[in-house]
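Let me begin by handing over the structure; questions about it come next.
Naming follows writing order (A, B, C and D), and every chain is counted from residue 1.
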Amino acid sequence: MVMKPAEPRRAPELSAESAVGGSAQSPPGAGFLTPDRQAQLLHWYEQMVLIRQFEEAAAEMYTRAKIGGYLHLNIGEEATVVGSMGALAPQDYVFSNYREHGHAIVRGVSPRAVMAELFGKATGTSKGRGGSMHIFDVEKRFLGGYGIVGGALPLAVGAGFAMTYQSSDAIVMSVFGDGSTNIGAFHESLNMAELWKTPVVFLCVNNLYAMGKSVAEETPVTEIWRKACAYDMAAERVDGMDLLAVYEATTRAADRARQDRRPTLLEAVTYRYRGHSMADAGTYRTAEEVEHWRRRDPIVTFRGKLISVGLIDEAGVDEIDKRVEEIVTDAVEFADQSPFPDLSTLYDFIYCESAEEREVTGG
Amino acid sequence: MVMKPAEPRRAPELSAESAVGGSAQSPPGAGFLTPDRQAQLLHWYEQMVLIRQFEEAAAEMYTRAKIGGYLHLNIGEEATVVGSMGALAPQDYVFSNYREHGHAIVRGVSPRAVMAELFGKATGTSKGRGGSMHIFDVEKRFLGGYGIVGGALPLAVGAGFAMTYQSSDAIVMSVFGDGSTNIGAFHESLNMAELWKTPVVFLCVNNLYAMGKSVAEETPVTEIWRKACAYDMAAERVDGMDLLAVYEATTRAADRARQDRRPTLLEAVTYRYRGHSMADAGTYRTAEEVEHWRRRDPIVTFRGKLISVGLIDEAGVDEIDKRVEEIVTDAVEFADQSPFPDLSTLYDFIYCESAEEREVTGG
Amino acid sequence: MAKITYREALRQALREEMQRDPSVFLLGEDIAQFGGAYKVTQGLYDEFGPERVKDTPISEEAIVGAGIGAAMVGLRPVAEIMTINFILVAIDQIINNAAKISYMFGGQVCVPVVIRTPQGAGHQLGAQHSQNFDVYFAYVPGLKVVCPATPADAKGMLKTAIRDNNPVLFIENLALYNTVGEVPEEEYLVPFGKARIAREGRDITIVAHSRMVLTAMEAADKLAKEGIEAEVVDLRTLRPLDIQTPAESVRKTTRAIVVGEDWRSYGVSAEIAATLQEEAFDYLDAPIARVNTAGIPMPYSKPLESAALPHADKIVATAKAMLPRRFRK
Amino acid sequence: MAKITYREALRQALREEMQRDPSVFLLGEDIAQFGGAYKVTQGLYDEFGPERVKDTPISEEAIVGAGIGAAMVGLRPVAEIMTINFILVAIDQIINNAAKISYMFGGQVCVPVVIRTPQGAGHQLGAQHSQNFDVYFAYVPGLKVVCPATPADAKGMLKTAIRDNNPVLFIENLALYNTVGEVPEEEYLVPFGKARIAREGRDITIVAHSRMVLTAMEAADKLAKEGIEAEVVDLRTLRPLDIQTPAESVRKTTRAIVVGEDWRSYGVSAEIAATLQEEAFDYLDAPIARVNTAGIPMPYSKPLESAALPHADKIVATAKAMLPRRFRK
């Protein structure tokens, strides 16, 4: 007699559509676009425009050799950036990867200081030491852009642990890309975060590519949110081109962290219009594909919604464009006119001063 | 209007029982215990007894300081070891961790050479260089015991890739513990193995502890097989105290690898009677728990089955015990009498000779 | 002064600092009820509870990374990596994050994390468990690297490490845990960057750190029996490195042996030798010699392992070969 | 002889060896259609197809480990790690597996894997992307570590590496990819363990490897204009290390500067200096000097980065300070 083999079990197959938060009947945010929220909504809109223009200016400054190194842009991902950052509280902490100008700016870091950092100036967020990949602002609790794929996830777990340890009501957000979910640090971090019940929102910005490779060339599980099953972690997939959907999903995840002390893996599906960094022409993607996503442009879409419910008109749109233009121009000018770090400061900041060490060495 | 939050989705909750291969109505192996398979079944039984006695002898030799370093024993895990190795073909490759004496012996490595390796003798499998954690036999395609948790999983993926590359019908088995599933290498390996459709059987020997920590203290997902969901990998959980259940599940996984070129995560739930290594008294486990598992002893259980269907009698059992005793005594004597490696060979084996290098250097 | 083991000295340091500062917590594998693989944290779980003595999964990268993250927001984590052999899976966190976060972000945040881990060989643990990687950390600006050789230093330096605002690699040694030494009863700290003359002598300088200080002392005893007075310098910290103390010694003795438990080529002793020849060039009467572990993956077999390790006799032989004829009996 | 770039030389080596031996295959991130982050593998996917030019997920540990496993069962993998900065997450595989498998298992199996990766700084990539870790691998018995400085060596040494039966760290340099040099038309191999006199001179020896050979040559040119003839030695391979060639040179010139793009303390140049002072002690007229990158996490800002790097002028200044008065104008 032959034994009946136990069928291997799988997580349920879910189509991308079914997984996207909300449903056709109740489009995310439909009830959110009310006059009492006008200020908030226009502010978000303006922030998206700011990211777009800031990044475009950065790209131009790069071609003019004002900016060196690598330059990774958030263009196309504005709804994900603003929607997620918008759902956080001021006391919350954010750790990001190298594609982080937008996150920093929405967190409240001054565009001047971010642009100056890209220029390598002493007035930059990191005093010119960091550059595009390493924006940091301790005041705004924006705890950095990091360059090693997956490398900042464990930091977020530790910071999350500390929030509970310190009985703080702050939570921690960790921002990373789809390609980063295949590296060991992702696994160790999510396992530990759930095991320890740390208040962390793991935001995967799934822009469908990791450099030249599509997400399907990277992993058999292309719906990143589903990877949470290996940790029994709460998870959600959301349309990353829809600001309100991202905002609402992030709010749910943030609440879960703050109230239930539980992490969430939140996946926002979006697209970067440009190449991976400035050197990449992005030839691995078809023109049609790029066009498809551009037609879902988060700024255009959101503007359309705002106009349709009468929260803004063309004049208002122009006004915002103009205001943003001024901010960006000012940022570029500020960066350009700022001094480079003095060579005498080359060895500053390697170590923090240790009061105790001074004490014991009598120095 | 408040949006209805999309519920986070989870993998289905499955009880440990439901996951164990087969079911109560049709106990694994019930139809397998037939006279035509007597030789095979008795051989397996003998191998389990051999592992038990070999390991007990090793423990004794350790207390007599004939063996040094760490010593991790397979006692309690014999059904998992014999059932899994028994399902492989001679051309298949095995990579294991440091708890591997049994796997090596069942693969056909001589108990003499394994014991001599434990003694650090020149006649050991690894010429005394490896010791208990690093048994290796290229002839038997037993490609080693490894000491870094998770460190050998990527090797198995590469070897699996090579099998397809070389159009070989051999498959690869990777053996590791429950605690090892929380380290980055596990994640990267399973993701890559499924993505590349490599013929690898990932055998997790879940003995419920990783040193002093229970599996629930290590991970939120204590049913290790479920972690396969993050890779859409086939997976199965099996009673690791039941030789035939392990054999059958491994056969299914091996077939999947050999025919379908697909990996499997196979979890065998078992127990180590002893501490993690010789230094560990295992005080983190209750006497009742150990007793509970000892009552399910794989050797006693299997012997009972063989007796009940008349494939062996008490005399046959004694005969096997005696034969194994002789093998183990002989192995110990051989090890004891073998010479230590000559000091002049200290620098041997650091590098393999490179024909090409000789050629180009004219040396 | 009380005579206690190196292990106990570490435990006291952890306990005192945890009592002193509630932001100090421990994390690592099996450090809680189990008391640590080498029992350094024994009893601390009972005293401080599960949040302050935190067991972790086998996830070294996350252990170190979580320590860094917690340090950035105000805690003072002490992470235990069971042995230094397992630190390689976490080294990216140490080098790319811990060492760089202060500098790369313009000094906005400190990373007061301590990573404790033992290295060393001699217990037949084989190639993957018998290594020395102190040089990997000593190489990296932004880290501090300390290697106490005695119980007194173990305690005083661990307390200093915990109070330091920078990432500190606190490197212990498997073979030192059971060694015994005098430790002051009262509270004290041992500063970083100050080497120690472990024994005075005029004929030759032996520079060592960690367990090799004991081996150097043994060699010095043997040399003394032959009328050779060796000065033994214990470096104590590799970064910051106090090269002036050994350099001063070499200027006096005119000869030096650098002893390391690590591999000779590209190891710690290479840096010490290279810097000493700069600092004491005009005083040297012989090239600076090195005595190290054989350049092989450590074999398991006892006689092979023993032959591979740097013993006092090798130092003695090296010293005698370097000294002028009158010293050679 | 054809004049080609370092990048093209590497590509030719890969192509020729893939044509020669069907067991050679490539794996790494974005090396297939994308052609590699630095375009070294461009075109090879089209020629050899997806099984032999294998794209991987961002999983460096699995990339290296899979390479080792494939090598153990008969293939000759060439793994590309995009830059050496990302090798830290894979270093456990290299040190605990690749380097030890032959020895620890008594010589039963070889690990003919090549790990190609560029290191170096100078492109404003910041602290996490501007590092040199060659010393980490040079330290480890069981590995071979090679660092070609010219297109001719890049090609000949990569071919040797692929045919070698041992794990080889093949360390390239970001700033070398576009450099041009003559490369023989006919097939050739460059052996490991043979340093090269890149320029002859009698007054001082400059020892370098990888990109620093070019900087050393530039310094030698400048020194020549001041009447100082520097001999430049290109080490080529760090393990095995040919110390006799530079030692011979130093015995002739009596002075040496070791130049490294890595950090000075505990870096490659420490080993070279420490060994040279042993090998040429009686000939030395000055301590062996080192010129390296500043001991800091590399800053992004252009002027800071530039100040941190070892330039020819620093070598020139160091040389002049070391030479007798008659050389100082």
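Convention: a residue touches a chain if its C-beta (ideal position, glycine included) is under 8 Å from a C-beta of that chain, and two chains touch if they have at least 3 such contacts.
Note that this is a predicted model, so its numbers are computed, not measured.
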item: Chain whose average C-alpha position is farthest from chain D's own; value: B
item: Winner on C-beta contact pairs when A-D is weighed against B-D; value: B-D
item: Length of the line joining the C-alpha centres of chain A and chain D, rounded to whole Å; value: 37
item: Euclidean distance of C-alpha centroids - chain B vs chain D, Å; value: 41
item: Whole-Å separation of chain centres (CA-atom averages), chain C against chain D; value: 30
item: Centroid distance [mean C-alpha coordinates] between chain B and chain A, Å; value: 43
item: Overlap residues in chain D, where contacts from two or more other chains coincide; value: 57, 59, 61, 85, 88-89, 92, 96, 103-104, 126-128, 141-142, 295-297, 299
item: Two or more partner chains touched - positions in chain B; value: 126, 128-130, 134, 146-148, 151, 182-185, 188, 191-192, 195, 218-219, 350
item: Touching residues (chain side chain D, partner chain C) in the complex; value: 61, 85, 88-89, 91-92, 95-96, 99-100, 103-104, 126-128, 131, 135-136, 138-142, 238-239, 241, 262-263, 265-271, 273-275, 277-278, 281, 284, 286-290, 295-297, 299
item: Contacting residues of chain D [partner chain A, same complex]; value: 29-30, 33-34, 37, 55, 57-61, 85-86, 88-89, 123-129, 294-297, 299-304, 307-308
item: Chain B to chain D touching residues, read off their complex; value: 93, 95, 124-130, 134, 136-138, 143-144, 146-148, 151-166, 184-185, 188-189, 191-192, 195-196, 348-357, 359-361
item: Sites on chain B touched by chain C in the complex; value: 68-70, 120-121, 126, 128-134, 146-151, 179-180, 182-185, 210-213, 217-219, 284, 340-341, 343, 345-347, 350
item: Contacting residues of chain B [partner chain A, same complex]; value: 1-6, 8-12, 14, 19-22, 26, 28-32, 182-188, 191-192, 194-195, 218-221, 225-236, 238, 248-249, 252, 264
